[in-house]
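Read through the structures below before going on.
Look for subunit A in each of the two complexes below; its partner is subunit B in the first and subunit C in the second.
Right after this comes the complex of A and B.
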């Protein structure tokens, strides 16, 4: 049960913090905490890949941007002129469109954000599967450089494509209506509800990963991390597991991108920038690589401080320095969280990981 | 495409190809000495150009460039001595993360020191309007300086590794670390020299191209990716092939404008990178045997 504690704590805080913030007149902090939660979601996806499967992805921001841009682009499409086409009519029948009039008084008919979100995540998953299959055959420096290159491609495409707003990005992204009259949007009225939504999403995302790590797949991933050949020899389909966790990480980043884009009402090419990917990696490194709780805490703290502008003009420099510091300090470079943990616990964890290689197909 | 336009693109490809080749050579020297890829490689070229642009205001150009090269080399050695040496025990993933951290810190220090403005170094001969006409195409005399400088670096390095004792010791070290230390070579010293040389070459290239391409605190990461693309394209560790691959990539990029919009120019490079990495990780010219020899 102990492993569910962090997710439960996040879920409790999701409901407990807004009244507390209102009572202490610090409700303005909820905006940054909401944004932090979405960035942490992307970091958690990367943690599964880096910490547990031992593969690096220097292009996580690319998947975040794919999610955000795709959802913004689709939910901003105006299908009013094609309302008669059977496809649009079918979407309408299924309740997957939203209609209204824009600020110029023109009628619009757009795919609903829920549909846009689904398409965006499917797109990110498709892209991840497509590039992951060849790229994950690479190791070490090659994998890092290939994924870094992928992130830059996404940024350049976003920056160079007029339909995606070029350097300005897409703005006036509609609110994301959820069941129960809730919607993901900025603005003061929706602030505390959106904080709760984001932290509940974060808790659910964490819960799913905790379960995955504790399952047979999780053991396979750790075996992969400790020794790819050994895991392979024990019957773990290493290529398939690597791809699965890479795609899962991309889906997390894309979902985070979708939700943050609807929350902010805009997205720009900066979200795909190399520096953003570096931040996700830094957060995973500070959290202790294979430590979801550590990543959760380091991500919430670092993102919150960064969004509050605490680091001033040294914002990026702080993340660079963190990367160097963590690599220098860590006993085997295992991050700050690992150092703070009692010695016995970490030894037990590594011996458990070592003996956890699953056996496949052996039974008659 | 008419002849003069062809030459214009060709010259542009030559210019950019030269700097990519220089960055790739820097990657290779460190790779051969340590087996790691230094993701901060592009930052050396940025630092060289930036330092030279500041110094050139108050002293002769040649002195400014010499000082920039020396200063960047000191930075390179310091990075190895103070930081990477302590991380190197912890494996490839950690080294990647540490060198990326270093590249970010160098970039942000440059931003703090020089601001966001685009800077330039004076032209070696003439100025921004002087040009050489060749078969109907016009290009800056700086292009000749750039190509000449890269050729000089390549020849000097070849001679260094073939003829000098330290150069031979470095090759010995990359062939077998243990064997070299048994012969009285200090691998740690060779690695420090490799970082210094690699930083110096990057800085020199940064100075030579800066009059034409200008320089900016953020050019490092793009240069790193392209330099790595060239290094991988030629076969990691093979610097002669890197020069050929550099020109090839420069041409590909410059002629891609014919079919792809300018804004997607960098996408072409990265598609090349991904294709090479996936289809032929040993590089176009590098056979597995050549890679294993790791000779400069």
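Right after this comes the complex of A and C.
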């Protein structure tokens, strides 16, 4: 099955790159590749919404931050003084707390990162459903403005809330223990294992979206992108599908935020910043909008270069310039990748990838 | 009992009564045509039945159920399929994929099962594909099944749209000017096709400008003028109706 090749390639690389990096003494690059994978996950969620369903979200970084902050906040809660309460006891019984002593020698009892992760994603899903219901009635520029406003609100909440660390954000976020003795955490010892974890997560995230796009629901999304009136007349509940894919995109961003926060051990309000949302949009646009593989590649390359500091102090400017270039080169929002693809190849890749070039409302 | 009963349907835009107290019925295995000069309210009437517009007053009863004011996707689920005056296909999708959209109302697998590629979805997907292919073959456009519709000739695009509507296995088919933009030969083929579709146990409601097509295929003709129904009857009656001749056929069209 050709459509599964990119996900399979990512899964293979997840295991193949660490030994290769070790052999070539470039293992330090795995850190940025790990972080890139999580950022790409957020872009893939946006790709489903923007590329396939044709609805823009200029506040994707807001959902990323909701995930990261919520998971950090919850997993840092100290419930030691309430250990006797039935609720905490129940969590303990279910194995959903972690306990130990912090660096000052004080005992702590916290919700486990797995529980925090679940809560964080549910929170993001809830917020997305709440925001999405009214906002997705808007189209094109109006939807862009509204989601942009949402992103700004989240950033300001993060920056202005003392419990969330204000401008400093939250740090000392605990490692996220996974089954099999694995942990999502930074540091050299865990570097190659964490690279593998992140790329496996990325491969799975991609796989699910490839399935979705090729399914009945994916067809409905692409149809409503090309014309809501016709999709509606064929029995597609367009409002519901738009909301579902919006929530799905938010869930991807939130999961990415959770995992990167535990990996870095910290999160700051910069993750919710408008320029981060612009990045996600730029990456989807460069990838060719309705092209998961394109977004995967553009996301990995651009995030990696950015994290390596290749763009220097022009980092944000580069992404802004990319957005301008893509809009100019691909006037229909078709993106660079579609333009660069040789003629004829698009017919071969007809099924999902080449289809549904946005006709309207796909881009601001 | 009639499949579709429209009773006293009205809709105004500002001061203009686009559709004004229109009543008529459509039966299974019969072709009902709605004719009238430009601006008579034909497409508005269609949109009121299909749910794209809400009526100010009046009712639409379909298959014994009141469907007045339901959203289009709900109307579609009741068994009403339509084509559009200006073709509305997904240009980036192949003809087959477009027609597969028509099976949406006849299939169920959801978002999550789609993401997980749950075992039953592949069986359903196969049946969606097979049924869509049947509709495509019925329309004689199998050669174009794998072609993106954006690049197809106009006449073929019309057929794809019709196949998409048929793939939903409707009880009532709404055709909004199906012959517009078609040449004489294509229009003749269309007439034969509509006749065949009627034979499949489907009620057809057609808005059409091409008088020879209407007179050729219709069992019943409803004439609108300024939003009001001014006549109804067999094509033969309508051709003889003084009022109709005056407003519509009088200038030598028939």
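Note that in this section the second predicted complex is superposed on the first by the 341 of 364 C-alpha atoms of A that agree within 3 Å, B and C clash if a C-alpha of one lies under 4 Å from a C-alpha of the other, contacts with A are read in each partner's own complex, and residues count from 1 in each chain.
By our rule, contacts are C-beta pairs under 8 Å (C-beta built on N, C-alpha and C of every residue); 3 or more make two chains touch, one makes a residue touch a chain.
Predicted, not measured: the structure shown is a model, and the values here were computed from it.
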item: Partner chain in contact with A:317 - subunit B first, subunit C second, else both or neither; value: first
item: Which superposed partner A:223 touches (first subunit B, second subunit C, both, neither); value: second
item: Partner chain(s) touched by A:160 [first = subunit B, second = subunit C, both, neither]; value: first
item: Which superposed partner A:212 touches (first subunit B, second subunit C, both, neither); value: second
item: First (subunit B), second (subunit C), both or neither touched by A:140; value: first
item: Which of subunit B and subunit C A:275 touches, first, second, both or neither; value: first
item: Subunit B versus subunit C as contact partner of A:122, first or second or both or neither; value: neither
item: Of subunit B and subunit C, the chain that contacts the larger number of subunit A residues; value: B
item: Subunit B versus subunit C as contact partner of A:234, first or second or both or neither; value: second
item: Touching partner for A:248 - first (subunit B), second (subunit C), both, neither; value: second
item: Doubly contacted subunit A residues - partners subunit C and subunit B; value: none
item: Footprint of subunit B on subunit A - complex, ascending; value: 50, 54, 56, 58, 131, 134-135, 137-142, 144-146, 148-150, 152-153, 156-157, 159-161, 274-275, 278, 281-282, 285, 313-314, 316-317, 319-324, 326-328, 330, 332-333
item: Subunit B - residues contacting subunit A, complex; value: 36-37, 39, 83, 86-87, 90-98, 100-105, 107-109, 111-112, 221-222, 225, 228-229, 232, 261, 263-264, 266-267, 270-271, 273-274, 277-278, 281
item: In the complex, subunit C residues that touch subunit A; value: 50, 52, 71-73, 76-77, 81-82, 84, 88-94, 97-98, 100-102, 104-105, 107, 109-111, 113-117, 121, 124-125, 128, 146, 148, 164, 168
item: Residue numbers on subunit A that touch subunit C, as the complex places them; value: 208-209, 211-212, 215-220, 222-223, 225-227, 229-238, 244, 248, 290, 347, 350-351, 354-357, 359
